[in-house]
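Below: a set of structures, written as structure tokens.
Here come two complexes built around subunit A, the first alongside subunit B, the second alongside subunit C.
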Partner chain A sequence: MNYSFDFQSVTRNFGPLLDGLVVTLQLTAAANLIGLTLGFVVALMVMSRWAVVRWPATMFVEFFRCTPALVQIVWFFYCVPMLFNVFLGSVTMGILALGMNLTAFNAEAYRASIQAVPREQIDAGIALGLNPLQRILYIVLPNAFRASVPVLLTNGIGIFQQSALVAIVAVQDLMYQGKTLATQTYRPIETFTIVALIYFAVSFPVGQLVGYLERRRAGLAG
Partner chain B sequence: MALDFSVLLRFQDALLKGLLTTLELTLICIVLGCAIGFFVGLARTSDNRILRGVSGFYVEFFRGTPVLIQLFWIFFCLPLLLGTELSNFTSAVIALTLYMGAITSETFRASLRSIGREQYDACVALGLPRWTQTTSVVLPQAVLRAIPTLLSNCISLFKESALVSAVGMADLMFVGSNISNNTARPVEVLTVVALIYFVIAFPLTRAVTFIEQRILTKLAV
Partner chain C sequence: MIDRATDPLVSVSGLQKAYGALQVLQGIDLTMKPGERLVVIGPSGGGKSTLLRVMMGLENINGGSITFAGKPYIHAGAKPAKTAIDFQVRRSIGMVFQHYTLFPHLNVLQNLILAPCKVRGEKKSAATERANALLTRFGLGQKATAFPSQLSGGQKQRVAIARALMLDPKLMLFDEVTSALDPELVGEVEQVILQLARQDMPMMIVTHDMWFAKNIASRVLFCAGGVIVEDGPPEQVLGAPKEERTKDFIDRVFHIRQ
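Here is the complex of A and B:
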């Protein structure tokens, strides 16, 4: 191997990469906001008694879980403007596409932990005369949320990684800036390595946190 | 706008060919990735510190970075480092295999950990050599318990394989976006592409639930 590394061509152009990282983080934060809130609503809909509510929600979840995120994003960028005649900024579109994807995955996480809330707690709520909304807000939600935190965090960091896909539809995120820089400087190895390290530096601590939370939970349970 | 799905009939063969490429790539990477995953899973539970460190770093790195950048790295950088040309099929196989190896190793690690201490003790008591212990006692149980999660990993890989279109490999996604650009009918083409992925992945997710509920409880493992 006689390749001479030149990391300076990348470090000199750190500005665009940082701009890209900011866009990536914005996409992640906004998508998580959508996913955490809508996901809970969709989870409740999936478990609804009424088929009219259950079916569309189930289809939404299954569809987003069973197709590639790339297909969803490309579909969103090409088809939503054509079908509904709405033209939004590319970052907004990216947020919506990633947010819907995360909503489906989080809905599953919430559903699993809602179903794990012991039946007697809900019975106790009924006995105390709480109405259905109160039972959801004060008994199911806090319980289910705490139980699903590790999975929600994993999904959240998953969407941080998936957000690199929006580079393919030309949203100027970290991946896109990296690609541009690699082409401009003719230094793909250095650029892609640094970009990968930036992604890693953000994901790794969150992964460790998830591991810690799971161990602590297992410790509490056992 | 008027939707016209009949345009797709002309491109049946192309889409089928793309689908076959996707499936071929997925299958190759599943087989190779599971093999790597099992040994990396073993390495991560090993007593050897170096082995544990290296395998841990590999897994964390591949799980902590986007698959797209792994693919780009191997597609653009590996040929430069090795000084040889790699076909895009080869680089896609390398990238997705390494990714699959990392995610399945976590699955195997979890199932290895669920094998009780007493089983290892029994192996020692029976005087089984290390290799027999691994292949006849640990492997069958670990694989059986890992099946539902492994199947989920396979579905993830199948979905992630759409990324290879970004490095110009003619898989289902690549063929789909080409057709959609040429015919200027993205809604019809991309919807059908999404449906094809769905039709394959959805039954598999049902199978995961089925295996979890029926087979594993019946076998009581």
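Here is the complex of A and C:
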């Protein structure tokens, strides 16, 4: 290979990349806010005893789990304005698409950890005279939230990475700024290497945190 | 409340319980007087634990009824899902399970005061004071701020007993509370139960530990195939059983122990 690296042409233009990172972090934060709250509501709906509540929620979850995130983003961007006559900025669209995607995955995380609360825990609550609402508030949910934290964090950081897909609909995130910079500088190798390193620098600590939480939880079990 | 010591504390009549096609309790009749310590023994799947779970109101029933201190609190409905349970009466009964069932997200003290504060509306300071006194009595004074994961099996089970006692039960149910413990930890839990027995706490105990059964029982039931096969003082049921099935079981159990 006869290529001379020139990282300076990228580092000189670090400003736009940092602007892009800020947009990416905003997308991630907003999508997580949606995913963490709405995901919980959807999880409760999926577990509802009434089919009219259960079915739409299940369909919603399965739709987002069984289609590529890229297709979802493109679909939101092109189809929502035409179908519903709603015109939103591309950032809002990106947040909605990522948020809905995360909602589906988080709903599954919540559902799994709620259903994993052992029957004995609930029996103990009954034996102590707690009513059904108290059993949910003081036993089931605290147990379930603790169990779901590592999965929620993994999903959340997954969305940070997936958010690179919104560059395709012209959201000026880190990936979009990277593409622009690569075109301007004719330095795709250097640019995308640095872009990858930035994504890595944010994701890696979160991955380590998840590992730590899981080890701690395994140590606490029993 | 019970006026005379001869009035039954609990009376079970015609109790039936099925899991699908499997008939687990086939018409149990039983009366228990105040101050009695009933030990229920018998082969696995004989209905011992189910009887306790039904008495705690954890299971629907297919037929029969149960009265506590003269008040009917569980009776069968048209179908199992319609089983009627009086929650007020049920609060007089406490239960400890085989697998500790401490709440893992709460420390020892919080485990103890959760129900008193939330169910009875007791002040946190008052409940904490009572909890600390109980923990000290059970040799757990240093463990108030520990989490269940930091305790040994024996300590967990003692905390579970203390937690049940926080609600001042008039009857305690112990469902194989030492079965999950390492052998060297069994003693400390049995000592706590013996301590309660000396204070005349009425209790029903399901156990496989015949030494413990002999030491604590004022009366022993041998339960098999969903019926009470034999019912009598420990010297009779454990020492010289009248029924052939009881004799077989006792022989086998003591044979294994020797």
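As a convention for this text, the second predicted complex is superposed on the first by the 201 of 222 C-alpha atoms of A that agree within 3 Å, B and C clash if a C-alpha of one lies under 4 Å from a C-alpha of the other, contacts with A are read in each partner's own complex, and residues count from 1 in each chain.
To be clear about the criterion, contacts are C-beta pairs under 8 Å (C-beta built on N, C-alpha and C of every residue); 3 or more make two chains touch, one makes a residue touch a chain.
Not measured: the values here are computed from a predicted model.
In the superposition on chain A, A:67 makes contact with subunit B only, while subunit C stays out of contact range.
By the touch criterion defined above, A:121 lies against subunit C but remains apart from subunit B after alignment on the C-alpha atoms of chain A. Subunit A has more of its residues touched by B than by the other of subunit B and subunit C.
Legend: residue contacts after superposition of the two complexes on their common chain; A:199 is shown touching subunit B, with no touch to subunit C. Of the two partner chains placed by superposition, only subunit B is touched by A:83; subunit C is not. When the two complexes are overlaid on their common chain A, residue A:216 makes contact with neither subunit B nor subunit C. In the superposition on chain A, no contact is made by A:12 with either subunit B or subunit C.
Legend: residue contacts after superposition of the two complexes on their common chain; A:138 is shown touching subunit C, with no touch to subunit B. The residues of subunit A shared by its contacts with subunit B and with subunit C come to none at all.
Remark: subunit B residues 1, 60-61, 63-70, 72-73, 76-77, 80-83, 155, 159-163, 165-166, 173, 176-177, 180, 186-187, 190-191, 193-194, 197-198, 201-202, 205 touch subunit A in the complex. Contact residues of subunit A toward subunit C in the complex are 120-121, 123-124, 126-131, 134, 138-139, 142-143, 146, 219-222. Contact residues on subunit A toward subunit B in their complex (touch as defined above): 1-3, 62-63, 65-72, 74-75, 78-79, 82-83, 161-165, 167-168, 175, 178-179, 182, 188-189, 192-193, 195-196, 199-200, 203-204, 207.
Across the complex, subunit A is touched by residues 53, 56-58, 87, 90-91, 93-95, 97, 99, 101-106, 114-115, 118-119, 147, 149, 160, 163-164, 167 of subunit C.
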